[in-house]
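Heads up, the next two complexes both have chain A, just with different partners, chain B and then chain C.
Then we have the complex of A and B:
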C-alpha cells in the first residue's frame, strides 16, 4: 500500500496546478449548489419531506463518498476505459495472482483528493448545527455501518459502468457516466417518480449509497433498510464480478 | 515430461462495424491462429519464429491465460491457463519487449517491492533473486533510479528482473532484446541461458533477432499466417533447407576479381566480396582451390545465415 501511496504522491506532486484547479472547482460547485438550494427552499418548506438542512447534509455526505472514491479508486477504474484495454496494458494486470479488478481499481490512489473531503465534512457539520438536527448515538453507529455498504455499492457501480470498455474499446466518454449518475445521490429519493426510483434502488442502486444511511441517521434504523443494504451489496458484487469476468473473456489485448 | 500441452489451438478476433448505408452491423473475423498443437518439456528453451502478424504473440498470450482461444485446449503446469488460478499465475511470467509492467515514475526497486508482495515472495528469496539479477545483468546503481530516467536497455533489464523475482517455472519472452544494443542484448541472452540451465526454467522465446534464436534455442517452431510450419531442431531445419556452406572471398584488386570470375564454381560477386555456395560434400574441393588462388586472411567459410534459412522455409511453404 505504501508503494501505491508513494507513486500517487510523486505523480500528483508534479502537477500541483491540478490540485489548485480541483479546489477552485470544488468551491465553485459548492457555492452554486448552495445558491441553487437557497432558491428552491425560498419557495418551499420541504422537498419530499426533507428540510433544507437535511438535504444539505445529504449533499455533503454524497460528496464525501465521491471524494473517497476519487481518493481510492476513481483513477484506477477509469484507466480501464482510458488506456488499459485499448493499449493492451491490461495484460500485466491479468497475470498477477491477485484479484485483477481490485488490483486495477486501487493501483492509482489519488491521495491529495482526500483533502477535498474537508469541504464536505464542514458543510455536513454546518447542516447538523444550523439545522438543529438532533441525532441519537445509536443512529450514528447504524449510519456508519450502512455508510460502509454505501461506499462499497458506489465502488461496484463505478466498476460496472466502465465494463462496456471491454467490448467497445474506444469508449473514453463512459468515465463521465458515473459523474452524472452520482448527482442523484445528493437528493432525497422521494423527488423521483416511482418507476425511476425503483430502477435506482434495484437495477442500478445509486440511491442506496447515500439516501439510506442518511435516512437512518435522521430517523433511526429499520430492519428492512439493513437487510436491503446487505443484500443489494452482495448481489451487486456478484453481478459486477460476473460481468468483469465476461469482459476478461472478450478482451482482445493489443498487438505487440 | 511435457509441462506445456497445446492441442489444436485456434483464435480468431471478431470485429463489428456499423454499415450506415445498409443500416446493419458487419462482423469480420480475423484468424490469428489455426489448429496449433505443441508439447514442450520441462527445462526446454523453444524459439518461436515468424514474420510480423504471424500469431506468435497471440499464442504466448493464450498460453499465459491473457487471451481465450476460439477452440482447442491448453495445459500448462497441469493448469488450464484461462482459469487464472493464483497457483498457476505464481509460476509463470511474461516479458514483452515493447511494453512496460513497471511504474514509470517510481524507482525500479519500489516496483520490485510491490511485486514481492503480490507474488508473496519471501524476504530471503527476494534478496537472493534480486542480487543474482543485478550481478548477472550488471545493474548496480540502476534499480534505485526512476524508470523514466533509464535507457531502453536499462528498462529492459529491470523488466526481466521483475519477471524473475518470483522464480517462475515457465516464462514467456516476447522479443526481449528488441531495441537493445549488442552488449545489452548479449547480457540478456546470458541471463536467459543461466536461468534456463541452473533453474530448469522452461522458456518460450519470440524474437526477430536470429542471434537470439541461434544462441539460445535448440528447438524452433515456425508460424506463418497462424499456422505451424515447422517444429523441430534448429540444426535439422538448417540441414533441410540450407545444407550448403558459404565461402566468401574479399577481393581487393581487379586481378583478384578476374581470378575469382574464372573459378569453375557457381558464384556471385557483390562489391568487393565474392560468394560461392557449395554443398558440404564438395566443400573440400572448393576450399582447396580458393586457398590456392587467394590470401587466407581474405577467406571466410560459414553456414548460411538463419534469416536466409527462414526465408527459404517460408518461400517453400508459400509456393
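Then we have the complex of A and C:
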C-alpha cells in the first residue's frame, strides 16, 4: 500500500498545474454551494428540521466522504468501466493471489486529492462554531465510529454501481451515477418522500453514508442507528462481493 | 459538402453505438432534476411559501426542468479542440481535404443534438410524474424559447472555444476549461434562478452575457418577457456572439 501511495504522489505531483486546478474547482464548488444554501435559508428557518449550520455540516461531511473516496478508490473503481474489462487488462489483476475487488479498487490512489478535505473540514468546523452547535464527547465517538461505516458503505455502493461493466461492452456513463446520487448525501433525508427515502436507506443506502453519522453527532446515538449501520454494511458487503464474483465469472478476456 | 455530411453522420453514429450507455446516461441525468424537485417542494410546502422573488413552486420546478434540457444542448462538453490540439490529432484535420474548423463544429453539433434527443425520454418521464407542477409557455414564448436556444448555442460555443484556443499558446487547458464551465454554470443560472439572488448581486450577474445560456431562455419559457424585450435579448445575444467569434477567429487564424 505504501508503494501505491508513493507512486501516486510522484505521478500527481509532476503536474502541479493540474492539482492547483482541482483545488480551484473545489473552492468554486464550495462557494456556489454556500451561496445556494444562503438563498434557501434567506426564505426559511429550517429544512426538514435541520438549521442552516446543521445542513452546512452535513454537506461538509458528505464532501469529506467523497474526497476520501476520491483519494482511495475512485480512480481504481472507475477503471473497471473505462478499460479494464473492455481491453482485457483485468487478466493481470485476476492472476494475482489477492482479492481482485480490493486490489483493483485501491490500485490507483490519488493522494493529493486528500488535500481537498481541508476545505471541507474547514467548512464543517465553521458550521459547528458559527452555529453554536453543542456536541457531547460521547456523540463524537459514536459519530467517528459510524462515519467509518459510512465510508465503507460508500465504497461498496461505488463498486456495486460499476459492476454492470462486466456485462456491457462500453459503459462510461456509469461512473457519473455515483456523482449524481452523491447529491442526496448533502441534504437531510427528510426532503424526500417516504417511499423514496425508504429505498435510499435500504435497497441503495446512499443516505446512510452521511445522514446517520451526522444525526448521531447532533442528537446522540440510538441503538437502532448503530445496529442499522452495522447490518446494512454487512449486507451490502455480501451483496457487492456476490455480484462482483458473478461478474468475474462472466468476464471473457479480450487479450491474448 | 458530401464529405462534411458524412463526417456529421459519423459523429452522430458514434454517439448512438452503445445503447446501454445511453440509457444509463439518461437515468443518471434525471437524478439531478428529481433531487432539486424534492428539495424545492419541501422548501415551499414546509414553510407555506407561495413564491420566492416572483417564482412560484411551479415556476421553480419548471426552471429546473428546462435547465436540465438546456444542459443537454450546451456544447461545452462536446468541444474537443483542446484535446485534439494537445494530442496532435488536430494535425490530421489540417492535412485532410476539409476545413478543420468546420469539422470541429460539425462534431460538436452532432454530439450536442444527439445528447438533446436522449433528453426527450427524460422530458416524457418528468411530464408523466410531475406534470402538475409544470408551467407551459404560450405560442409566442415557445417559439422565442427555441430561437433563443439556437442563438445561445452559438454564443456559448464561441465563448468556450476562446478558452480551448489557449491551447495553441499555453498547452493543455483541460483543468482551466473545467473551472470556466463550472463558473459559467453558476453565473448563467444553471444552479438556481438568478432571480433568487439578492438585488445587488443579481444586478452584477445580469450585466454579464452568461445569463443568456440558462436564465434568459428559461425565463422565456416561463412567459416572463414581452415581445420588445425578446427582440432586444436576441440583438444582445447576437452582438455578444459576434464579439466572441471575432476574438476567437483572430486567435486561431494566427496559430493555424
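Here is the rule we go by: the second predicted complex is superposed on the first by the 255 of 256 C-alpha atoms of A that agree within 3 Å, B and C clash if a C-alpha of one lies under 4 Å from a C-alpha of the other, contacts with A are read in each partner's own complex, and residues count from 1 in each chain.
Here is the rule we use: a residue touches a chain if its C-beta (ideal position, glycine included) is under 8 Å from a C-beta of that chain, and two chains touch if they have at least 3 such contacts.
It should be emphasised that the depicted structure is a prediction, and the values quoted were computed from it without experimental measurement.
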{"item": "Touching partner for A:24 - first (chain B), second (chain C), both, neither", "value": "second"}
{"item": "Chain B versus chain C as contact partner of A:138, first or second or both or neither", "value": "neither"}
{"item": "Dominant toucher of chain A (residue count), chain B or chain C", "value": "C"}
{"item": "First (chain B), second (chain C), both or neither touched by A:97", "value": "first"}
{"item": "Which superposed partner A:44 touches (first chain B, second chain C, both, neither)", "value": "second"}
{"item": "Which superposed partner A:172 touches (first chain B, second chain C, both, neither)", "value": "second"}
{"item": "First, second, both or neither for A:191, with chain B first and chain C second", "value": "second"}
{"item": "Interface residues of chain A shared between complexes with chain B and chain C", "value": "none"}
{"item": "Contacting residues of chain A [partner chain C, same complex]", "value": "17-18, 20-22, 24-25, 28-29, 32, 35-36, 39-40, 42-45, 47-48, 164, 168-174, 176-177, 180-181, 183-184, 187, 190-193, 196"}
{"item": "Chain C residues within the chain A interface of the complex", "value": "17-18, 20-22, 24-25, 27-29, 31-32, 35, 38-39, 42-43, 46-47, 49, 52, 174-176, 178-179, 182-183, 186, 191-192, 196-198"}
{"item": "In the complex with chain B, residue positions of chain A that touch it", "value": "3-4, 6-7, 10-11, 14, 88-89, 91-92, 94-98, 100, 103, 249, 251-253, 255-256"}
{"item": "Residue numbers on chain B that touch chain A, as the complex places them", "value": "13, 53, 57, 61, 64-68, 82, 84, 86-87, 89-90, 92-94, 96-99, 101, 103, 105-106, 110-111, 113-114, 118-120, 174-175"}
